[in-house]
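Per-chain residue numbering starts at 1, and chain names A, B, C, D and E are given in the order in which the chains are listed.
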Amino acid sequence: MASYSVMKENRPQASRAWISWTLVLLAHLVLFFISYTLNQQQGVSQKLLLQIVTVLSLFVGLTAVGLVAQNRRDFIPAALLFTVSVLFVEAMLRVNEVPAGLIPTPSRVVVALYNAREVLMLDVFYTFVLEALIGFVAGIVIGVLASMAVARYKFLELGILPYASIFSSIPIVALAPVMVKAIGLEWPSKAAVVAVTVIFPIIVNVVRGLQSASPLHLDLMRSYGASPMRVFFDVRVPTAMPYFFNALKISTTLSLISAIVAEFFGTTGNGLGFRIQIEAGRFNFDIVWAAIVVASVIGIVFFSLIGALERKVTGWHASYRS
Amino acid sequence: MNTLLQRTLPLLVVAVIIVLLYYPLMIWANSPVAQRSLETGADIGCKTVSECVYMLRNPVIPAPAQLGEGIKSLTIPPLAPTSAPYNALVTLGEAIVGLALASAVGLLLAILLVLSGSFERAVLPWLVASQTVPIIAIAPMLAVILGQYGVQGWFPKALIAAYIAFFPIVIGVSKGLKSPDPLQLDLMKTYNASRVQVFTLLRFPASVPFLFTALKVASTAAMVGSIVAEISTISFSGIGKMLAENSRASDTIALWVIMFYGALLGIVLVALINLLERMVAPWRATRS
Amino acid sequence: MTAQNNFTQGNSSSSSPPLVSVRDVTMIFRTQDTETIALQGANLDIQPGEFISLIGPSGCGKTTLLRILADLQTPTSGDISIKGMTPTKARESRAYGYVFQAPALMDWRSVLKNVMLPLEVMNFPKENRLEKAREMLRLVGLEKFEKNFPFQLSGGMQQRVSIARALAFDPPLLFMDEPFGALDEITRENLNMELLRLWRETGKTVIFVTHSISEAVFLSTRVVVMTARPGKIEGIVNVDLPQPRSVETREHPRFFEIATEIRELLRKGHA
Amino acid sequence: KDLVQVKLQLKWFPQAQFAGFFVAKEKGYFEAEGLDVQFLPIGDQSPIQTVVTGTADFGTTWITDLLTARQNGLPVVHIAQIFQKSGFTLVALKSSGINKPADFKGKRIGVWPSGNEYPAVALLKKYKMTSSLDSSVARPDVQAVTYPFDPSIVFPDKVDLVSAMTYNEVDQIVGLGYSMDKIRVFKASDYGINLLEDLMFSSERVLNNPNFKNSGMSGKEIAAKLVKASLKGWDYAVKNQKEAVSIVLPLCGNTCKGSGTRADARAHQTWQMAEVAKLYNAGPTLKGNAGLLDAKTYASNVKLLRDLGILKSAPPASAVDYSIWEMATGKKAK
Amino acid sequence: MTAQNNFTQGNSSSSSPPLVSVRDVTMIFRTQDTETIALQGANLDIQPGEFISLIGPSGCGKTTLLRILADLQTPTSGDISIKGMTPTKARESRAYGYVFQAPALMDWRSVLKNVMLPLEVMNFPKENRLEKAREMLRLVGLEKFEKNFPFQLSGGMQQRVSIARALAFDPPLLFMDEPFGALDEITRENLNMELLRLWRETGKTVIFVTHSISEAVFLSTRVVVMTARPGKIEGIVNVDLPQPRSVETREHPRFFEIATEIRELLRKGHA
């Protein structure tokens, strides 16, 4: 029944969908053609014209992707947005003859991604698994415990919360060398940096979440003579969940970038941050960007997993009712 | 007056505890370094570990006297271009501009994410990806874009600060904007309220608790962002410039002093946000 | 059961086209593993100026029907027209006001500002808003509480604020979902009289949910009696009591007859 | 008269390492050439990037950076060689029993990342040792670790050997309490690894510009004036080291100290000036050709980098523009 | 006005010490710039096993009184004792169950789990919880909805869940704030009968807020009539109808007399 009515609704738009797909394809083809015909080593003639065509194609492509996106709930629009943008960057870099030592073309990055795949996978193990993930978990555990104490005792809220903000205001660039000095050059010092940077978002969000419990729910639990523990787990924790997940989402990318940046401040020679740093010094920006792409993919997957978990755990929240 | 005391007392008590814990922590952290220095025959003007922990030149945690000395030398005169307070103010300015930029962009993106599911699906992954790109990789691109036009100084820093800070705002605010009571959304629908009205009259007020937690996280992120930007790009002043210089000059204690000022800025920013919250959302405060 | 399309009443003529028309409307909710048929094949025509009460057991679909009419929910099947428009168009033309079953006040607005909300949304002239809102608060007896915040009101007071809010912009069509449920009898009777006065004077059309048979009979031109699971219209009872209604109406012999008829229908549906 | 604005990107923060440039400015040598030179301090960007993107017009850097950048398509051009000798060293405690490069085996070495690791890698390679910096080696002879320049982060707790420039980090290590008699300094140049350091460079865009910033002069002319004034500054600084240090000190504030809280800024910069003078007064300078890139040294640098696999091919001839130096000095390069 | 301490009733003797005693309780709320006297000098003694109804105009302090008894609010002045304990002690000994005026269900729990909440909190044996919760859902007629989430229920259904929840742990004392306000007459009558049966069989003491005079009379042993602003106890009416109550009770001549007496009191308070 339901699907039938959706079909019915869309029928008048069928022609529009057809047009937008054509435009998407056209944009791809033009951008690809520009990239394909231009070799970065030789000079580019008619630069201005090509620049205009390239920007125009991007514009057409984006608009068309927007149109396609209106009728779809799957990954296709995101994928199209990705391909159009990548082709645009490729074409733009080639048209403007930007040297690879400054910004590499996406195609070079892809090649580097393939060539360096084994090294990068090992880097991922260090940066993501050992540093980001362990630091993330440690930061969450500490942050949540601290939040519980802070939310429980007004005294701590007034006394500790301001100091917690100190923690997050210490830039990684200052913190990382101290951690290396104190803990060493191996991965635990990076995990510690990650933990410290993750703690503050967790505390701020979780404290606010724990304090957002509905007064009526608290009254109800009070009427049961419920122990603070029960109130905590039955009312405060569920209400804090949306806030907690916000913090987790922010922390996914924060932990990853912190691990990467922390590696700039002393490492034994593994990890995406190390790779980025050492290859940037050699002007091999194709590998640098390959490492960044890997980090981004991990970041997106990590973020999406937390997002899926959020939907599972807090599906009852108003934000999920359309 | 009474409430002021009630508010500051815990702060002071914790400060005292921190100071009391600082000593043992410092001794514990510095002892191995002192030990090693003595073993390797370093001449640092002391004979025993217990003596040396106070006078290491590369302490893990500086001794209070060292710290005091460092604070003094970097603070006086406060407005000299080489003093920490002056540079802290420069950084604060960048961070505030960055935060303002981040709020504007973050709010806009959050609104778009809430308005359109297709926008969310197409763009959110990119926003996530953007946060995994280290500034070291962005800085040259920024240099390409801005350097050609001779843009230097504080603006690129504010831009990078905004780049780091907008993300928590997008995440927090988009969640907040989605959290009003469905019945209240229905109510606005019965009024045939425009989207703008639904936002201004319902979604924004309902998102206030999320907004301000996001702002707090973002404000410290902006701080870190402007400091990192100062380190990464050409800068003539700022906490980040001081950090970079002193780290390359191996002045560990100066690093601690600068960190101390950075932390102070963080507190100031978060306190400003708290103040703003009390001004903007008094109804939260009234309910006990 | 009463004939559905044969009714007489004070302020509308049966020859005019219906203001609200409900045709074969069915609403099915899918939950976890089951389906709930909240409404099944409902048919109803409402003439302009009528005062219709919906009555029926808890969970029979009264709220669902109102929400469908108000375009807050799309029925699984069936057709609705309001003033000859689709519900969406009607909603967009601000044809109706809605008093929800729960007060749905905004925590961050004072009582006065809550009542002013629709006036702000609909861009009423600024000068009038305050005046209009205060007038409505006086109507529901809360003029002294305009500065309070919702959490500082009793349950009944919150409900009255939400009534004032719905009346403030003077909509021609009113959906009221148990508006007086949390009020004491005397306040309720007062508000009944006020509502009737408004209805009479402005020629509004009202669709009103209540659990009180006597309230339904007292207020309505027709009473729609519903049954639960599946939610169906069991019958429509014509209230041929003289207009305008007054305190004496309750003593009218027909009053009891009609009330009894409705009670029978309800019992039948409940069994 | 109108001065031409020129931006010079230094490779590091202000210190005696750049004394010649500061002296040239202070003494008005730049002005005399019609130039108003602004020094840009360093960030995480390499000078190559700021020069290539046009943020700066000229820069100073190491030759390894210049050649690897060139290999990756960045149109940078060598115009003058300030230091004629490498100041790169590895430092160990005498007590560690590391007496010769062969003893590095099995040790931990701290290297600076971002292209500063090449001299260390070359030294290891020369003694047939593999390091953990080659991702292809499973069990490297030497574990190399990276850290951000400050030796006190890793030395002597976490590494056995630490990278140090003769003119800076060596004194910082002394500042940590290890006087010269307690440490052993392995100078790369003593072992035939003489990868050249501070040089002046620009981009093809600047050099090929017929009308640099509407000055009426070509980029090359401006470059020549800059090099001429700079060399004059360097000559003066090296000869009048005390005065040069006094010129440098106000420019670097707190960071002149170089080594911990009890260090004395003047003492450190004096040391630095003396060491830098040694690097300046070598090779062609000794033959009266200060600023000239010695072709033989250059060729051996290129060979070394190719052997290390860092350069895939010989750089094009256009990577070095001798004509600037010739214009600046009025001499012939060959 | 009826004599305050002279009452007869089915299942409690007047010689035992009062279960609940309210002495000179006053509650003043300070808001923005005014004060609201929600309760002024209230005095009330309740014997074990009584069924007391509170009735009075909207905003007269009924909820406030219940909340004070339940130790959810501290009165500005006056003394309370429950079973000889302070309200806090009574609360901590889990002496009472409370049905709030709003359902206060937890969004994140299914209907069944909402009803099981007090059982979990009070550490009832695991095996019994499910059984007990299902029994209560059957009592309120919602056994088929146990897997639903609160937002999937109608208003009346939510209220019934909250009733089931309060009854689930079988508290000796029950505070019920308009529990049947959102229910249709038939469901309401059914639940009235169920509540009375429970009360009779278990000897609970019930304090019950309602706006329905007939419900108050039908259920109660005594009816406390309150007035608004300042909230005061206007009078206490003894309901000397025979126990157990049944359908016939409503036909009893005394029923109407008592109802009229209450109505008079209410009118007096309202004026």
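What we mean here is this: a contact is a pair of C-beta atoms (placed from the backbone, for glycine too) under 8 Å apart; a residue touches a chain by one contact, two chains touch by 3 or more.
As the structure is a computational prediction, the values presented were derived from the model and not from experiment.
Trainee: Starting at subunit B, what is the smallest number of hops through touching chains needed to reach subunit E?
Mentor: Graph distance in the chain contact network comes out at 2.
Trainee: State the pair of chains with the top count of C-beta pairs in contact.
Mentor: Pair with the most C-beta pairs in contact: A-B.
Trainee: Please compute the C-alpha centroid of subunit A, do the same for subunit E, then give the distance between them in whole Å.
Mentor: 53
Trainee: In whole angstrom, how far does the Cα centroid of subunit D sit from the Cα centroid of subunit E?
Mentor: Comparing mean C-alpha positions, subunit E is 86 Å from subunit D.
Trainee: CA centre of subunit A versus CA centre of subunit D: separation in Å?
Mentor: The answer is 38 Å.
Trainee: Approximately how many whole Å separate the CA-defined centres of subunit B and subunit D?
Mentor: 35
Trainee: Which subunit B residues sit where two or more other chains touch them?
Mentor: Answer for subunit B, listing residues that touch two or more other chains: 33, 58, 135-136, 140, 144, 181-182, 231, 244, 247, 287.
Trainee: If you look at subunit D, which of its residues touch at least two other chains?
Mentor: 49, 53, 148, 150, 152-153, 157
Trainee: Can you list the residues of subunit C that touch 2 or more other chains?
Mentor: 102, 151
Trainee: State the interface residues of subunit A toward subunit E in the complex, per the touch definition above.
Mentor: 214, 216-217, 219-226, 230, 234-235, 238, 241, 314, 316-318, 321
Trainee: In the complex of these two chains, what residues of subunit B are touching subunit A?
Mentor: Those residues of subunit B that touch subunit A are 6-7, 9-11, 13-14, 18, 29, 33, 58, 60, 117-119, 121-123, 125-126, 128-129, 131-137, 140-141, 144, 167-168, 171-172, 175, 178-182, 209-210, 212-214, 216-217, 220-221, 223-224, 227-228, 231, 240, 243-244, 247, 255, 258-259, 262-263, 265-267, 269-271, 287.
Trainee: Which of the residues in subunit D come into contact with subunit A in the complex?
Mentor: 46, 48-49, 52-53, 65, 68-69, 71-75, 113-117, 132-133, 135, 143-148, 150, 152-154, 157-158, 310
Trainee: Could you please specify the touching residues of subunit D with respect to subunit B in the complex?
Mentor: By the definition above, subunit D touches subunit B via 9, 12-13, 40-45, 49-50, 53-55, 93, 95, 148-153, 156-157, 172, 175-179, 182, 252-262.
Trainee: Looking at the complex, which residues from subunit A come into contact with subunit B?
Mentor: Per the touch definition, subunit A meets subunit B at residues 65-66, 69-70, 72-75, 77-78, 81, 98, 102-103, 155-160, 162-163, 165-166, 168-175, 177-178, 181-182, 200-201, 204-205, 208, 212, 215, 242-243, 246-247, 249-250, 252-254, 256-257, 260-261, 264, 273, 276-277, 280, 285, 288-289, 292, 295-300, 303-304, 317-319, 321.
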